[in-house]
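Below: a set of structures, written as structure tokens.
The same chain A turns up in both complexes below, where it pairs with chain B and then with chain C.
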Partner chain A sequence: MTQLLIGQLLNGLIVGTLYGIIALGVTLTFGITGIVNFALGEFMMIGAYSAWYLADVVGLPYPVALLPAVAIAGLCGLAADQLLFRFTRDNLVNGLLVSIGLISIIESGALLSWTATPKEMDYVLSGTVRLAGIGLPKMRLVVFALLAAVIFLTYVGLMRTWLGRAAYAYAQNPEAARLMGVRTGLLQSGVFVYSTALAGLGGALYATLYSLEPFMGGLYVLKGVEAAILGGIGSLSGALVGGLILGVTESIGAIFLPTAFRDAYGLIFVVAILVLRPGGLFGEGR
Partner chain B sequence: MSRWIAAIAVGLWLVAGGGASAQETVKLGQIEAQTGPNAIYGWMSSQGVPIAVDEINKAGGFQVGGKTYKLQLIAPDTRGDPKEATVQLKRLLEEEKVKFVFGPFLSNVFATIEPYAAQFDGKILMMGGATRIHEFLGKPGHDFLVRAWNWDVGPSGFGELMTDRVKQQGTKKIAILFQNDQGGKVIGDIYTDLFQKKGIEYQIEYFEPGTKDFSAVLAKLSAWNPDYLFPGYSDSAISDIVRQATEGNYFKRFFLVRGSLGPGLKNKDELDDYLVYVPKYFEQAEKTEPKVAKFVAAYKTFYKRDFPYDQAPLCSSACYDHVYMLVEAMKKAGTVDDVEAIRKALLSMTYDGLWKISFDAHAEQIMNFDIVHLKHGGAIEVTPVDPPR
Partner chain C sequence: MIAALAAVALALVPLVVKADFVLTIFIFSFILGIAAVGFDIIFGIAGQLSMFHAASFGIAGYTTFLVMKAWALSFWLGLLPALALVVAMSVVIGSICFKFRLKAFYFAVVTLAFSELARLVVMNWTGLTNGTLGLMIMAKPVIGFGSLSRPIEGTLAWYYLTLVSLALAVVAARAVVRSWIGRACGAIRLNEDLAQTLGIDIFRYKMLAFAIANVLAALAGALFAFYTGYIDPSYLSIGQSLDIIAMVLIGGQGTVLGPVVGAFVLTGLPHLIEIGAEQRAMLIGAILIAAILLFPRGIVGSLIRLARRAV
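Here is the complex of A and B:
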């Protein structure tokens, strides 16, 4: 039983980083542009299908396919920002409506291009690493390490670079940041595109573990938003921790309770945390 | 002048086909998932029916009561969505006046359309492979149903034979992992009863449709140390399950009665056993059965692409053979309109096509099938079975 619990704890952490990367995108976008981009899951789907197409159809080695896949998701994010979201800055409702509309458009495009029949990528890295009798697939560990590294580097980038500090300044007081010379339009677009590229990276890595469907983004954006709320909107470390908590709760919960309701376990946890701390774990108390 | 106008009008009518009264059209409808996560149930049927329709039409159609008829197929894609399927069926029956419907193969689709379709009892014939059709067969008001796939239980049931086979492998405990929906619940009920009857212990878990990460439930089930994992029921889920089960060393032995050989072949180097019910193992049958070889060639010519060997076995339900069977039944009944007479003729025949197909007293299909045993590395052992009829 202990082995099972530890195994699922580790697995929950791995799955949680996938939720965490989306949560990071949600929290960054909300902090800088004032909108909750529910279409982030679609950018994840774009990244996933791009990676699959470049690796399995075009025949590029996966590590080579990864970067263009992220770039494609980022470019789609840039187009979405310039054509749509630029006009909804700091307007939560309009941003929400546009992002919901965008979900339909991107999903329909994916349906037309690849149909709803799942695509499965060939093994990128097979085999298992055994740690104290617990088997962990190598590719899952790679995905975990890459996502954790990107989340950490994003955190460091925001803390240590001028751009990061500008973003923080803008999130705290847009007017003051503008007066201090921060080019706010560019900053907002940059953060938006970065968030979509992060989602694209999550998708490209997701493709190495699971089969792909045009509707795959819906579940992950919900988990991402849950994780962001759980961690506290606006908190970068909160996004990661929120994702990890969700992943672990689902994995451990599925051991003791029926698996059919697995998605509900994380949600129950979110509700419980929000009752005690309405601002989320790392957010403001109120 | 008026004579000229009349002559031109008659000429135009003849050109438009009005004079070809000896050749008419019988409309066939099909409601299957051609795309979507559960498209494995429907895609191959939607591929096979157009080939048969094309062959019959190119051969000049068929004769019934001195008239020559051609077939017209209307086959929308339900994507496995019951709401979509309901709208499409309504259009087929009310606007297109279709009397012969192929499909559905999916139980969730059938459960949704059944109350509507039942209003047309006696006026239509619906040939589908859905598991849930079984419970309506022989019930009042459901003569419109013909189940176009083998049933699991009973003397002709493939499930009984498959369970015997897995028991021969020394199985004492089996873990079941099914989708939490109509199809999953029905199959779950069937097989938990069967395992109980055969003295095999089981543990069952359900997962939500759309689940991608199965590692937690696989770990939970494997902790019970079962001999086999019995996953279901569509390839989209089975692919993820088999991959994660082998990757995580949770399971190496698999038993399937729904789903294809595909997920096993993709993970052949990681697994030990993959025991699967396959209506026909086409790779082998193509070499030994001329009708199968002809169908494979026809497919390649018609679609101008490779033959889908992994999907082809599901052409056993409301597919290529069934179009020919329906036409034979119309000829035998001497009508293309009297649905009751056509049904009677259909149920009385034993058709020898890609499969040897007959029906039991309740309008359920009995057909020959294969048990395929895939072993580590890709070695395959095929056992053909012709169940008692």
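Here is the complex of A and C:
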């Protein structure tokens, strides 16, 4: 039982950091561009398929393939921003609907290119580490550590650098930030592209653990948005914690309740948190 | 006036067009048009982006069929509890959203959450719904009484049944939009705080708009399920909601007739040009984006503007 519980806990933490990295993108994009990008899951899917393609079809070693995969997701994000989302700044409903339209386009594009058959990537790192009698797959630990590190670095970057302070200033008062010399257009595009690259990284790492299919993005973006709301939109640490809570609840819940409930926890969390504490766990009360 | 002319013209279509294939497209457009007209009331008039209409659409389809089967009722008597259930759900969800002042994105997310929960329930309650495999529906709606009763079978009968339903939905929606309800909802869309200051009961009118929208979606869902003779959990999917949103945006939000035009465009277009399912999804996505960025008023909205300029 303990073995099962700890195994599931670890699974939950890894899935939770994946939710967290999407939630981080959702929170950042919402704070700076005023829209919720539901297509983030599709950029995750792009990152995952790029990593799989570069590693398994082209034959690059996985660590080498990781960076271009993230870059491809980021470039797609740049294109989406310049062609579409530049025109929906601070218009929540329009941004939401454009991102939803983009989902169908990217998803059906992926279906046409790679079909619905799931793709399995070759093992990058096999073997397990034994810790106190419990076997932990190495790759899962690596993915967990990498994602947690990236989220932590983003947090530090936003707290300590001029760019981060500019972003905070913009989130508080766009006009004042502009008057203080923040190039707001560039900042908005930068944050949008960064969030898509984060999603791409999440996808590229996801590819080493699970099989890929064109519809993977829709599920993850829903969970990312749920995690972001749970933690409190606008809160960076809330995004990670929200993701972890969601991921752990799902995997622990799977032990005791039928797996059919898996997707229900997040939905229930969202309704409960918005009713009881609309600012989220880490946000100020609204 | 234009609406009445269009209705008469549509009533005459089967005299000229005999091809089943074409009439089928009309029938689907009529049915989805009802749902789109409903969505326009909550989104185009009251300004609330609801994601719950796919759930209403699917729940009504299932409930009508299951009630009919359980108590051997007619389609119309089975439809009543289905509509009552959808109204009850609207009141519960609307109360949660509007009482806690969940607006814009938060309203969309919470209605989406409830819609997805409904889909999960339908998908996993296999004893009742047969899960993802869906249910075959052999029964047909019957109109008339006693010896005059006729089952609705065949393309032509369905054509007129759905056309009449759509016409009734449009008339009802127009009556709502032009009444004090429509004006109160319009005020809420334009400026909620100001509307409240003016003494408009925001909770009541949002709730009304939400319930009316869901009832129309429910009617469409029941007709859709019985026309196709099949229902499965994909009726409640997010994609179903999105199709209806796209129809409203393309036709023109807040125009009552616009959503019907949008339903025709989105249902007919994929048949006019020969394309597969993937390309169809891609096309709808592209149309949705183009409608928002290039034609925010939609087809009917742009025409109204042109006509006003000409006068």
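Please note the rule applied: the second predicted complex is superposed on the first by the 276 of 286 C-alpha atoms of A that agree within 3 Å, B and C clash if a C-alpha of one lies under 4 Å from a C-alpha of the other, contacts with A are read in each partner's own complex, and residues count from 1 in each chain.
By definition in this document, contacts are C-beta pairs under 8 Å (C-beta built on N, C-alpha and C of every residue); 3 or more make two chains touch, one makes a residue touch a chain.
Quantities reported herein were computed from a predicted structural model and do not represent experimental measurements.
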Worksheet item: If you stack the two complexes on chain A, which partner ends up touching A:Phe215: first (chain B), second (chain C), both, or neither?
Response: first
Discussion item. A:Glu120 in the overlay: touching chain B, chain C, both, or neither? Say first, second, both or neither.
Written reply: first
Worksheet item: Looking at the overlay, what does A:Phe87 touch: chain B (first), chain C (second), both, or neither?
Response: second
Worksheet entry | chain B versus chain C as contact partner of A:Leu274, first or second or both or neither | second
Discussion item. A:Ile100 in the overlay: touching chain B, chain C, both, or neither? Say first, second, both or neither.
Written reply: second
Discussion item. Quick one: is A:Pro137 in contact with chain B, with chain C, with both, or with neither? Answer first, second, both or neither.
Written reply: first
Item to complete: Go through the superposed model and pick first if A:Leu4 touches only chain B, second if only chain C, both, or neither.
Response: first
Worksheet item: Thinking of the overlay built on chain A, is A:Val15 touched by chain B (first), by chain C (second), by both, or by neither?
Response: first
Worksheet entry | Touched partner set for A:Phe152, first chain B, second chain C, both or neither | neither
Fill in: Shared chain A surface residues [contacts with chain B and with chain C]
111, 258, 260-261, 263
Worksheet item: Which bits of chain C are touching chain A when the two form their complex?
Response: 49, 96, 100, 102, 104-106, 108-110, 113-114, 116-117, 120, 123-124, 238-239, 242, 245-246, 249, 278-279, 281-282, 284-289, 292-293, 296
Practice prompt. Would you pull the chain A residues touching chain C in the complex into a rising list?
Written response: 36, 84, 87-88, 92-94, 96-98, 100-105, 107-109, 111-112, 218, 222, 225, 229, 258, 260-261, 263-264, 267-268, 270-271, 274-275, 278
Worksheet entry | Complex interface listing, chain A residues touching chain B | 1, 4, 7-8, 11-12, 15, 111, 115-118, 120, 126, 128, 135-137, 139-140, 209-211, 213, 215-216, 219, 250-252, 254-255, 258-263
Item to complete: Show which residues of chain B lie in contact with chain A when the two form their complex.
Response: 35-37, 39, 43, 79-80, 180, 205-208, 210-213, 215-217, 219-220, 223, 235-236, 239-240, 243-244, 247-249, 266, 270
